[in-house]
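The two complexes that follow have chain A in common; it is paired with chain B in the first and with chain C in the second.
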Partner chain A sequence: MQCQVLLFAQLAQTIGKDRITIELSNGATVNEALNELAQEHKTIAQMRNSIAVAINEQYCNTNTEIKDGDTLALIPPVSGG
Partner chain B sequence: MTDLSRYHRQMLLEDIGQVGQQKLAQSHALIVGCGALGTVIADSLARAGVGTLSIVDRDTVEITNLQRQVLFDENDVLKQIPKAQAAKAKLAKINSQIKVNAHVTDFSFKNAQLLIEDVDILLDGLDNFQTRYLLNDLAVANGLPYIYGGAVGTTGMSLAILPHSHARKNKSPQSSVSWPDELSTPCLRCIFPEAPPPGASPTCDTAGVLGAVVSIIASHQVAQAIKLLTGNMDRLDRSLLSIDVWLNQHRTLDVSTARNTSDCPCCVKGEFEFLFGQTGGEATSLCGRNAVQINPQKSESEQPNMDLSSIALNLNKHGTFTVNQYLLHGQFTNEQGKNGIPVELTLFPDGRAIVKGTDEPEFARSIYAKYIGN
Partner chain C sequence: MTNSEPIIDVKLVNHPVSVSAIEPFPAQAGTECIFLGRTRSETHPDHGKLVRLEYEVYTTMAVHQLRDLAQQSINQFDCLAVRIHHSLGTIQIGEASVLVQVACGHRDKSFEACRFLIDQLKQVVPIWKCEIWEDGFTWSESATEVKKGIS
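Then we have the complex of A and B:
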């Protein structure tokens, strides 16, 4: 299945896009999606344990199963101030 | 009784009125960090009539602050006035009815508990996650509302936190703001369990920052604080706000289930490791070397080595830095330590750093937070 991933803050800036599409097997979890994304994007690998993840604008944990048509959002904490 | 006439336009707001204004006058807000966010927060809360403001900051005003830190001016830079004191002086001219306490100090586990005496609410004007986790611990342990804000580049984030009573150490909270557990929210660590590894997250000094995004985030924090202090609990924005003013993104995220699904070390397990100084990194003066060693917090999970080459690219905007297979080393152009000597930095792939040119741990921590990020 295809899953749309929205990138926030520094992830969007570092990767140069604010959304990407990834291919996942049916029944994949958020954790598996993050594995896939971390292989492709170094910044996601680096920030992995600090990123909040949402499915369809609702916060979720990494064991949550992704359904066909879901939109994932990766939100890194914003540190400056 | 305080003359409230200056607040007439604010009291016209139905949810505030004279009763709400009196509540503000009796409130005490602690603003931790008086940089870009902190100055906007302090300015707005002073004008709104919050009776007592306590401001904590360890730094002095620099010329590059003036682009966005609204309470400071060129005279503060020339005289090297500490930010907390400069803010206090400006706020006294803006509103002489309120009391402002300036604490020129490094906010740490050693003084955090002392600084919250009589405080009703905590406002975040910080520039690093290590200290935010300390503030989060402090809020949860004492049952104080905490308004997180962060801004860098053109992005920003804000979240109001009403800690759950489960892990509270102080069983009779001092805050005038009270709420039943069903109205409590996840804490910062429910949502972001670990700080970004050192060097992985941009800082205002490496990536820049647009003043406009700071003002939006700080104003959102202020609005939530005023709602809570005036008893308008039901108006609180309970979502995580994330904006990018350049990419025109404005998103709110429903985080209401984050505590239920997390194994939060802070508000579920009650392990206040930052408040008790068990973690959060160390800064140690290296005797006789005019240098301070920084050991950042080590994450429980495995972290890749720092990418020293990309950090050097950023740092070279601020001085001359080179990388070899073992370390990054160089000197800042505009950061001077004792006797005006340029500050040198040596950074190792595990995040450890030596800041040379100072023997003050607070100054070295400030350099690390600004240029490496933690």
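Then we have the complex of A and C:
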């Protein structure tokens, strides 16, 4: 299944895109998606431990299963206010 | 004045935020607490003086998160009105980028609710501050890793 991944802040700036599409097997978890993304993008590998993940605008944990059509977002450390 | 449901006013704006009256003002609210976050002048050891800030936001998720926080403050502190406004884009030195404004029956809960909201905003809402210096830029070095939902 294809999965859209939204990027923000330093991730988007370094990678040069605000979204990436990746191919995942059915039943893949967030952790597996991160593995795939980290292999392709050094910045994601480097920041992996500090990135939170949201699926369809809800924070989730790395064991969460991704469903077809889900939108992932990689959330670097936040700095609002 | 009104005795109706608590007011929630959450907004992302393309300009500095400012304070305005909550209307209609809840009849049972005896207190109002207002927090404004402004951009202060700073100097970076490597990049010189701060020129301005640029805010990036995951807008749809940020609005949902801010509404959730507003509802939490209503549940936890009996707020009768909650307003949270945050700027997108460019903010100059001295300008305000975040407004938290709450109305409660009494002052203890007003102060607590206001503090809760700005503290939580800074910890969980997907907003990022890019600091533009005289010589270079940094993504805020005081950024907070979101702990929610992580295992």
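Definition applied: the second predicted complex is superposed on the first by the 77 of 81 C-alpha atoms of A that agree within 3 Å, B and C clash if a C-alpha of one lies under 4 Å from a C-alpha of the other, contacts with A are read in each partner's own complex, and residues count from 1 in each chain.
Note that in this section a residue touches a chain if its C-beta (ideal position, glycine included) is under 8 Å from a C-beta of that chain, and two chains touch if they have at least 3 such contacts.
Bear in mind that the values here come from a model prediction, so they are computed numbers and not experimental data.
Trainee: Determine, for the superposed arrangement built on chain A, whether chain B and chain C clash or fit.
Mentor: In the arrangement built by aligning on chain A, the partners chain C and chain B clash.
Trainee: So in the superposed three-chain picture, is A:Q46 touching just chain B, just chain C, both, or none of them (first/second/both/neither)?
Mentor: Touch status of A:Q46: first partner only.
Trainee: Touch check for A:E57: first (chain B), second (chain C), both, or neither?
Mentor: So A:E57 meets both chain B and chain C here.
Trainee: Between chain B (first) and chain C (second), which does A:G81 come into contact with in this model arrangement: first, second, both, or neither?
Mentor: A:G81: touches chain B and chain C.
Trainee: Would you sort A:Q4 into first (chain B), second (chain C), both or neither based on which partner it touches?
Mentor: Once the two structures are laid over each other on A, A:Q4 reaches no partner at all.
Trainee: Can you list the residues of chain A that touch chain B in one structure and chain C in the other?
Mentor: In chain A, residues 8-10, 13, 50, 52, 54, 57-61, 73, 75-81 are touched by chain B and also by chain C.
Trainee: Can you check the complex and tell me which residues of chain C touch chain A?
Mentor: 37, 55-58, 60-62, 64, 86, 97-98, 118, 121-130, 139-140, 142-151
Trainee: Quick one: which bits of chain A touch chain C in the complex? Just the residue numbers, please.
Mentor: Interface residues on the chain A side: 6, 8-10, 13, 50, 52-54, 57-63, 73, 75-81.
Trainee: Touching chain A in the complex: which residues of chain B?
Mentor: It comes out as residues 33, 35-38, 124-129, 149-153, 155-157, 186, 191-197, 200-204, 207, 209, 214, 240, 242, 244, 247, 249, 251-258, 261-262, 299, 301, 303-304, 307, 373.
Trainee: Could you pull out which chain A residues touch chain B in their complex?
Mentor: 8-10, 12-13, 18, 42-43, 45-47, 49-50, 52, 54, 57-61, 73, 75-81
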